[in-house]
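Please go over the structures that come below.
In the two assemblies presented below, subunit A is common to both, partnered first by subunit B and then by subunit C.
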Partner chain A sequence: MTADLGFGMTLVALVLAVYGGAAAGVGARTGRAALVESAQHAALGVFVLITACFALLTYAFLTFDFSVRYVATNTNLGTPFYYRITGVWGALEGSIILWSWMLALYTMIVVLRHRSTARELYPWALATMLGILAFFLLVMTVAAPPFQRHTPVPADGRGLNPLLEDTGMITHPVALYLGFTGFTVPFAFAMAALATGRVGDAWLALTRRWAIVAWYFLSLGLLIGGWWSYHVLGWGGYWAWDPVENAAFMPWLTGTAFLHSVMIQERRRMLKLWNISLVILTFGLTLFGTFLTRSGVIASVHSFTQGAIGILFLSFLALVLLTALGLVAWRWEVLRSQGDLDSVVSRESAFLLNNVLLVAAAFTVFFGTVFPLLSEAVRGVKVSVGAPFFNQVNVPLFLSLIFLMGVGPLIAWRRASLDNLARNFLWPVVLGVVAAAAAFVLGVRSSLAALAFAAAAFVLATIALDFGRATRARLRAGESLLPAMGGLVRRHNRRYGGFVVHLGILIIALGVTGSQAWSVQTEMTLRPGETAELVGYRVRFDGLTAVEESNHFKVVGAFTVSNGRVLGVLRPAKKFYPQEQSPIAYVDYRLGLKEDIYLVLGDFARDGRQATVKLQVNRLVSWIWIGGAVLTLGALLAILPDRRATA
Partner chain B sequence: MSRLWRWLIPLATVPVLALLAYGFRANPRDTPSPLAGRPAPRFALATLDGAPLALEAHRGKVVVVNFWASWCYPACYEEAPVLERSWRAYRGRGVVVVGVDIQDKPEAAQKFVRDFGLTFPNAQDPTGTVSVDYGVYGVPETFFVDRQGRIRVKHVGAVTDDVFRETVDRLLAEAAKP
Partner chain C sequence: MSREWLRRLAAPVLVLLVSVAAGAQPPAAPVSEDTVHEVATQLRCVVCQSLSVADSPSEMASQMRGIIRARLAAGERPAEVIQYFVDRYGEWILLAPRRRGFNLLVWLFPLVAVATGLVLVATIVRRWTRRRRDGVAAPVNVDPAMSERIRREMERGT
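== the complex of A and B ==
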């Protein structure tokens, strides 16, 4: 019953989306406003129907309605309330619903915001968005139907993947998908620009804020994913260059490039072709990411199932890329640049270099991710390149990007004079060198870490210099200190939002550098009362206890941690789920600004007489999450309405 | 850039798409078993009805050993009707299907057998020794044993009608030859 109702609603939504997309397209071509209006109603209908589907599926989860196949596969009678809600998008079918729902939501916001402000571009953008929605609804009806009847109705379900029983399950997919789907809006307006031939600034102005929102959510999704990996998976890391992580990272890189190159088009009327291509590339990569994670083409720790869905996604990816790039070729003449690069030493070229580096990073990640396929196709052997390849290629790229982060915002447009360079960069360079020297004196022997610190000090100094100078100018105009600073940030929110985001990235980079360079670990088998030692920490094994939870059985180890004085008891555990073949580790940790103490329970004797424990001291990891908070502040600041336009 | 050249931009994506399409050719589910070609480990269990069930008793027949569990949802639920159907079709031609239920409660297992109306012998592996002998990673896994008692094919995931028919027909055909 539930299954039939849900399936019926999906089908109606699909029909509406197809109709709406076609109506908006025809309306845009012929200029018939009534058709576009009808498409808007269709969009509203699609939104309402998908919302209803989502609510219905959630209801089925909450009431243990095992007559729906998807519910029976992803929950059981022991699943706690919270995970019955997050379990809705815990697997393929439900994640596609969440995805479609967000896309429909964005479509509604586009209708509400741009209906009357962008008369030429809007109908085409609406047609594009409804077309993409139609694709996802097609997936929901044929390839991965969440509403499928199931007989005989099992007495109990299989249960959620235990690794997904984490509080991050509510934020991580939501943020990531908001990021992924968010890039649909700039893409839709880019398609509108190509269709109408209005490839000037209008579509950029309309989508700039959208791009920042999408970029921000993608960043947040990546960071929460890192946090999940760090505190759930129990290997002490937050990033593994896993194909699924790469899938989200590639559009982040090209999206970042787009956010920067937009500014050159706004200022100098250059890079029209480049900007359109970046948007197409970014959207294509979000689809590619979904394809990668949902098709099983490349093995990964968290790839879902395989089947018809892969072929469907690949066909859609082909359709999108060929259409979009075909339009680019068609509009070639108007996309050609008007401005020219005046000098190599200018803000334009700094931004250009930033773009080249970001796209190069995206390309290496892409290459490394599909390398197993490539090697199998060429040599017949599946070979993965793994983390060493990614690190080796990307670390220099990222270091250069951080350096450019200091150069870009301060260097002059068009042509930077020696005077301009000295005025802006003399002190930051000096500070960078001092930071490297200080790091060396303090005992940092990793040249990579020293370089990272130097670059960070340099960027920090440029930000401080710029902000200090602008504040001083306001002070001279008679304002007092705090209102001067506040007013500055409010009036130039986009610029200072950008600075704060840079600051956040810088803090994250320091956390990554520190944790890579200085984390230490050891593994020991202990009897009760024995201790393990690592860099001044003593960990005493106190014993094992067994706990029966609603849907699993848990063996908990108690370890007293001290460094001269007792810091507390950590309780890492192993969780045994009946539906899983191997136990799931449950990490316990104590976070600190300087270092985290991180314990993973290994094998143990059933009688509790001994247990193996992995003890890690991870340096500076917390700064990654702090950087995420700073980045959030900056992104918020940057998307505030632009005061300069109205004031 | 001349008029024709610009059309190379969209065409440049074709090799990448072709590479991705190639990915469908490979099947990550093909798990080679180290046991393939080796004699199937012996076992002697009791069926859920209490009758003895030993692999040796079926020497000379093609034996399909299927590892399952009542909590193994949905794969075991998908393949149970397939196994029953195939067993009925092939039982007259020297083929036996044997179910081994692992890590399960007897009541749940009996309910599973009743719900799907399974008529081929099903036994519980209470100590887990049989699944260890066969190197079972997860359920369902199915081992196809030829008339000489050697494991020939290991199938991971739900058995489909096609997989069953093709594998068993092949084993029957080669056994017919001297």
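== the complex of A and C ==
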């Protein structure tokens, strides 16, 4: 019953989306406003229907409606209330609903915001968005249907993947998908720009803020994913260069490149072709990421043919890229920009360099991620490409990017004179050198870490210098300190929003550097009363207890942590789920600004007479999360309406 | 499919390995945990998605760390311990492919990507600045479009 109702609604939504996309397209071509209006109604209908599907599936989860196959495979009678809600998007079928719902939501916002402000571009953008929605609805009907009857109705379901029983399950996918789907809007307007031939500034002005929103959510999704990995997966890290992570990181890199190169087009009317390409690339990478993570192709190059989803995504990706490239070729003449540069030493060059590095990093991650498939296909030999590879090849790129982060905002547009360079960079360079020396004196022996600190100090100094100078100018004009600073930030919110985002990235980079350079760990088997020691911390094993939870069985270890005085008792555990072969580690930790103490329970004797514990002291990791908060502030500041334009 | 297969295969193999290692080696001299960690970071935990043996909290990884410790204690060099795992599991066990043969592709790709990008940008910058220089040679009366642009840029300020 529920399954049939849901499936029926999905089908109707699919038909509506196809009709709406076609109507908007024809309306845009022929200029018939009535058709575009009809497409808007269709978009509203699609939104309402997907919302209803989502609500229906949630209801099925809450009421344990095991007549729906997806409910039965992803929940059971023991699943707590909270995880029955997040369980809705706990697997492929449900995440496609969440994805489509967000896409429909973005489509509605585009309708409401741009219907009357962008008459030329809007109908094409609407057609593009509805077309993409139609694809996801197609996936929902043929390849990964969430609404499928399950007969006979089982008495109990299989249960949710235990790793997903965490609060991160609500924030992480939501943020990540808002980021992924958000890049559809810039892509839709880029297609509109190509279709109409208006590849100038209009589409960029419309989509710049959208791109920041999408970029921000993607960043947030990545960071929450890191936090989740850190406190749930129990391996003491936040980023493993897993294909799933790489899939989200690639569009982030090209999206970041786009946010920067946009400025050159706005300022200097150059790089039209490049900007359109970056948007196409970013959107293509979001689709590719979904293909990579959802088709099973990662496990083996041969496994993706087993499901329809891989073929569907690959075909759609090909369709999107061919259409986009076809349009680009068609508009080649207007896209070719008559670039002119005054000097090699200019902000334009700094931005071009930034783009080269970001896109090169994206391609590197891409190639590294697909290389195992290539190797299997060509040589028939399976290889792994993991963290050691990605760290080695990417760290130099990222260090250069951080350095450019200091150069870009301060170097002059067009032509940087020697005077301009000295005025802006003398002190930051000095500070960078001092920081490297200080790091060396303080015992940093890794040259990469020292370089990272030098680059960070350099960038920090450029930001402080710029802000200080601008504030002083306002003070001279007779304002007092705080209003001067506030006014500056508010009036140039885009510039200072960017600075604050840079600051956030810088803090994250420091956290990453610190945790890579200084984290230590040890592993010991202890009997009750025995103690493990690591860099001044003493961890005493107090004993094991067994706890029966609603849907699993848990063995909890108690460890008293002290460093001279008792800091507290940490309780890492192992959870045994009936549906899982091996137990799930549940870590316990004590977070600090300087270092985190992190405990993982390993093997133990059933009678509690001994337990193996992995003790880690992870340095500076908290700064990654703090950097995320700063980045949020900066992004908010950057998307505030521009005061200067209206003033 | 293949992970399941590995998981099933890996357990008995490991039990065998542990017993062989334990039986063959004399009582161990203390091994530096840093060396164990160093070796373990380069090996892939066979039952995980992409975690190293050093990081993974799984029992399998913990047993593999045990083997590394035992073999190092028996006097093997880190490279030999790694080769030992490669012999048993294939190249797949290495988290970074060895830099030879076909694998060179993946190692050289980043260099090629950056180099191509830099050459491209250098060419474009050169061409665009040259056009500029040729333009400067022309008479210095500024055309209206340009002065309009200057006015606009001045208004925008920085």
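By definition in this document, the second predicted complex is superposed on the first by the 640 of 647 C-alpha atoms of A that agree within 3 Å, B and C clash if a C-alpha of one lies under 4 Å from a C-alpha of the other, contacts with A are read in each partner's own complex, and residues count from 1 in each chain.
Quick note on the criterion: a contact is a pair of C-beta atoms (placed from the backbone, for glycine too) under 8 Å apart; a residue touches a chain by one contact, two chains touch by 3 or more.
What you see is a predicted model, and the numbers here were worked out from it, not measured in a lab.
Of the two partner chains, neither subunit B nor subunit C is touched by A:L62. By the document's definition of touching, of the two partners only subunit B reaches A:V328; subunit C does not. Applying the stated contact rule after C-alpha superposition, one finds that A:S343 touches subunit C and leaves subunit B untouched. Between subunit B and subunit C, C contacts the larger number of subunit A residues.
In the superposed model, A:L353 lies in contact with subunit C only, and not with subunit B. In the superposition on chain A, A:V600 makes contact with subunit C only, while subunit B stays out of contact range. Contact with subunit C, but none with subunit B, is seen for A:F363 once the two complexes are overlaid on the shared chain.
In the superposed model, A:A438 makes contact with neither subunit B nor subunit C. Shared-chain residue A:P578: touches subunit B; no touch with subunit C. Shared interface residues of subunit A (contacting subunit B in one complex, subunit C in the other): 299, 374, 382, 581.
Of all residues in subunit A, only 233-237, 240-244, 267, 299-300, 303, 339-344, 349, 352-353, 356-357, 359-360, 363-364, 367-368, 371, 374-375, 378-379, 381-389, 392-394, 397, 413, 521-523, 581-582, 585, 587, 600, 602-603, 612, 614, 644 touch subunit C in the complex they form. Those residues of subunit B whose C-beta lies close enough to touch subunit A in the complex are 1, 6-7, 9-10, 12-13, 17, 19-24, 26, 28, 71-74, 77, 103, 108, 111, 115-116, 137-138. Listed in rising order, the residues of subunit C touching subunit A in the complex are 1-3, 7, 33, 37, 41-42, 44, 47, 49-52, 55-59, 62, 65, 90-97, 102-103, 105-107, 109-110, 113-114, 117-118, 120-121, 124-125, 127-129, 131-132, 135, 153, 156, 158.
Taken together, the subunit A residues at the contact with subunit B in this complex read 69, 72-73, 150, 152, 154-158, 291, 295-299, 306, 310-311, 314, 317-318, 321-322, 325-326, 328-329, 332, 370, 373-374, 376-377, 382, 578-579, 581.
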